[in-house]
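Pasting the structures in now, so scroll down.
Below are two complexes that have chain A in common, paired first with chain B and then with chain C.
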Partner chain A sequence: MHIPDGILPASVCVGGYITTGAATWYSLRKINRSENPREGIPRASLLTAAFLVASWVHIPVPPTSVHLLLNGLLGALLGVYAFPAILIGLFFQAVMFQHGGLTTLGVNATIMGVPAMIAYLVFRARKIFGADKRMVTGVFGFLAGASGVALAAIAAFALLITTIPSNIDVAAERTAIITVTLAYIPLMLLEGVFTSLVVSFLLKVKPELLEGR
Partner chain B sequence: MKRYYLLAAVICLLILGPVAAVSAHGVDISYGSVNSIEITAKYDTGEPFSGAQVSVYAPNNPAKIWAAGKCDAQGRFTFTPDPALPGVWDVQLREAGHGAVAHITVAGAVQSGTTGFTALQMVLMGACVLWGLAGTALYFSRRKS
Partner chain C sequence: MEMQLDRYAYLDKPLHRWEPRCKLAGIMVLIFAFSYVRDLRLLPVILALSGGMYLYSGLPGSFLLSRLRLPALFLVAVALILPFVSGPTVLMHLGPLTLKEEGCLELLRITVKFLAILTMAIMLFGSMPFLTAVKAMRGLGLPVILADMTMFAYRYLFEIGDDLKTMQTAMGLRGFRNNKLGGAGSLAALAGTILVRSFEQSDRVYKAMILRGYGQPASYQEDFHARPVDVAGMLLLILAAAAIVAAELLWR
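Up next is the complex of A and B:
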């Protein structure tokens, strides 16, 4: 999911930076117009740390392995803070741990951040059914966590499969991309369950964290 | 006399013909030691990056693939850079959106190297970043005095 330098053509990298710029501008404007813009920063900062640590947790899905993304969880818990949080997390991963790359930072932030924003909308939709009900919160937590991973996997798949350079073995690369993408199906279920557990727990002990600003 | 020469020439051809045909099956081997570069690629989990597609770019033309191949099951790939082209050889590995680029300086003797960090460096850097994020959280959640 973290696409490194040198995989994508330059035009895609530039496009990624443009969408990331737009999404960051939108998020920061929303934060700035909120009642107390500083209020969400501690939570966003700690969840950025969680996002960073999650990428070191590898889950073997033979024949490959995937790592936790947590973008759906960040979306559900952080709302408009999710995109900047993911951007900062990805920046540190690229600069310090060679996980992803600086030229592809925009693309990666778009692949993971935009699904996080959608996951926030999905999670907020629980209010239609009653935000205080444990069952409803759990189900929508699952949907938010799973949709974050699913949309990110679909976006990465679409980008990679359409930009395979012709000077390598295209058929082998296509098979490899499909194999890796299929490995995200178990991860999607896992993160759905994980997000569901986290939001259910928070609803029980600290429901004010779930107001979804 | 002329006829005699002609006959001799025909006899010579008859004898040399098969010899020439046989010599086409001879194989000449020339040998010498070369400096090859072996690449071993692993995921950061330690698994070999097997089956990855390798593209090698020579220093004189970074836009054109100089050699291509695939890593074996252990994630290894070996190539022999042209000694007439000293400089930085770029070796790109990719498979399904994963990948890395190694920049190998070829000038006389090739040193061994790695593109990653050691485990201790990783742990230290990780701890610094996490502490930075925790510190940010603590700073913004302090009580107003």
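Up next is the complex of A and C:
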């Protein structure tokens, strides 16, 4: 899901930076309007690092294992800090582990960050049904986690298949997008279940982490 | 968990002495110019430019190779797909597969750009401490909140990573085996515990930072001083980037 350097045209990379700039500006404006903008920074930063570390946890899916994106969970927990957190997480991955890229940082941040912001809205909608109910929190956690990875997968594959090989015919492109997106359905479900389990755990152990989100 | 990226950041070489803001701006402009390249005739130019600059940096070749190992897997994946699906011109048949000319050329283009950009990026962040790079970005206009979050997250990333390893070892000693999907509940609790610990630690960190003057204007003073030679180096790279883009536009 992390598109590397050299694969996308420069115009798409610049477009990614423009959308990332707009989303970051919107998030920072929201943060700056809070009562004490600096107070949330250490919390969001440590959780950014914690999310990056948590994404290293491998989930066994015999005969192999997968690691999760957690962008839906991140959106659900960090709210307006989610987009900057994803931007920073991707920057770390590009610079420290050469996973992703510097020219594609904007594109990757948009692909992962915008679904995280949508997941935040999805998770917040649980308040209509009662935010302190375990079942409700679990269901909306599932929806947030699954929608985060689903939207990111669709965006990434649509972008990759429509921009890299200019000589593939339209029917083949469409088939490839549908096939790859369908292949991601089990991962979306897994991400949804995992997010649901984590938010249920947090509701029991540290409900403050879910407060106000 | 060790941080290997800035292992060679303290060498005394011209690239290491280059003022960080000028270095960051110049190299990033050049990287974007590389990403603009489509013409095959420019591929040797960008490869030579990135290779030459890496040699000039004084960073060891083994360092570059070690950092290229993981992303090279991506190239293998692209090489297995692209030459067989892209383009109408058949080069040869390999059993049930057909090798296409356009796919091969696209693979060449992606490989060279990928290697050139990655070499430049590794050289950029390998030739200065990571925190200096963040301060340089701040000096170039990165918003304070993003700069602060990056520095905080960097400060605690490896500490939290070590916590994860400790907890995984403790789970293993208590009989947990991470080989069945049924263990997802325990793994969710593990991820949740990391989040809870970080959340609790953040309160203590914030209070400690406030006591040390966090948020006061003095904490954002930078001590970068660009010499004429630093600015000249940056302008040289911007000129090279402009030449690459101009050549691309003229030859298109």
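In this text, the second predicted complex is superposed on the first by the 174 of 213 C-alpha atoms of A that agree within 3 Å, B and C clash if a C-alpha of one lies under 4 Å from a C-alpha of the other, contacts with A are read in each partner's own complex, and residues count from 1 in each chain.
Just so it is clear, a residue touches a chain if its C-beta (ideal position, glycine included) is under 8 Å from a C-beta of that chain, and two chains touch if they have at least 3 such contacts.
All of these numbers come straight from a predicted model, not from anything done at the bench.
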Of the two partners chain B and chain C, more of chain A gets touched by chain C
First (chain B), second (chain C), both or neither: which does A:Leu160 touch? first
Please indicate which partner A:Phe92 is in contact with in the superposed arrangement: first for chain B, second for chain C, both, or neither. both
Between chain B (first) and chain C (second), which, if any, makes contact with A:His58: first, second, both or neither? both
Is A:Leu151 contacted by the first partner chain B, the second partner chain C, both or neither? neither
Mind working out whether A:Thr103 is in touch with chain B, chain C, both or neither, as first, second, both or neither? second
Contacts for A:Thr24 in the overlay, against chain B (first) and chain C (second): which applies, first, second, both or neither? second
For A:Phe201, is the partner it touches chain B (first), chain C (second), both, or none of the two (neither)? second
Let me test your reading of the model: by the given contact rule, A:Thr179 touches which partner, first (chain B), second (chain C), both or neither? first
Common interface residues of chain A with chain B and chain C? 4-7, 38, 41-43, 45-46, 48-49, 52-53, 56, 58, 65, 92, 96-99, 167-168, 172
Using the touch definition up top, name the residues of chain A that touch chain C in the complex. 4-10, 13-14, 24, 28, 31-32, 37-39, 41-54, 56-62, 65, 70, 77, 81, 84-85, 87-89, 91-92, 94-99, 101-103, 164-168, 172, 190, 193-194, 197-198, 201-202, 205-206, 208-209
Mind listing the chain A positions that touch chain B in their complex? 1, 3-7, 38, 41-43, 45-46, 48-49, 52-53, 56, 58, 64-65, 92, 96-99, 156, 160, 167-169, 172-173, 176-177, 179-181
Going by the contact rule at the top, pick out the chain B residues touching chain A in the complex. 43-45, 47, 51, 53, 55, 65, 68, 70, 92, 94-101, 115-117, 122, 125-126, 129-130, 133-134, 136-138, 140-141
Which positions of chain C touch chain A when the two form their complex? 3, 5, 28, 31-32, 34-36, 38, 67-68, 70-71, 74, 78, 82, 85-88, 100, 102-103, 106, 110-118, 121-122, 125, 130, 133, 143, 145-146, 148-154, 156-157, 160-161, 163-164, 178-181, 183-185, 187-203, 205-206, 209, 214-215
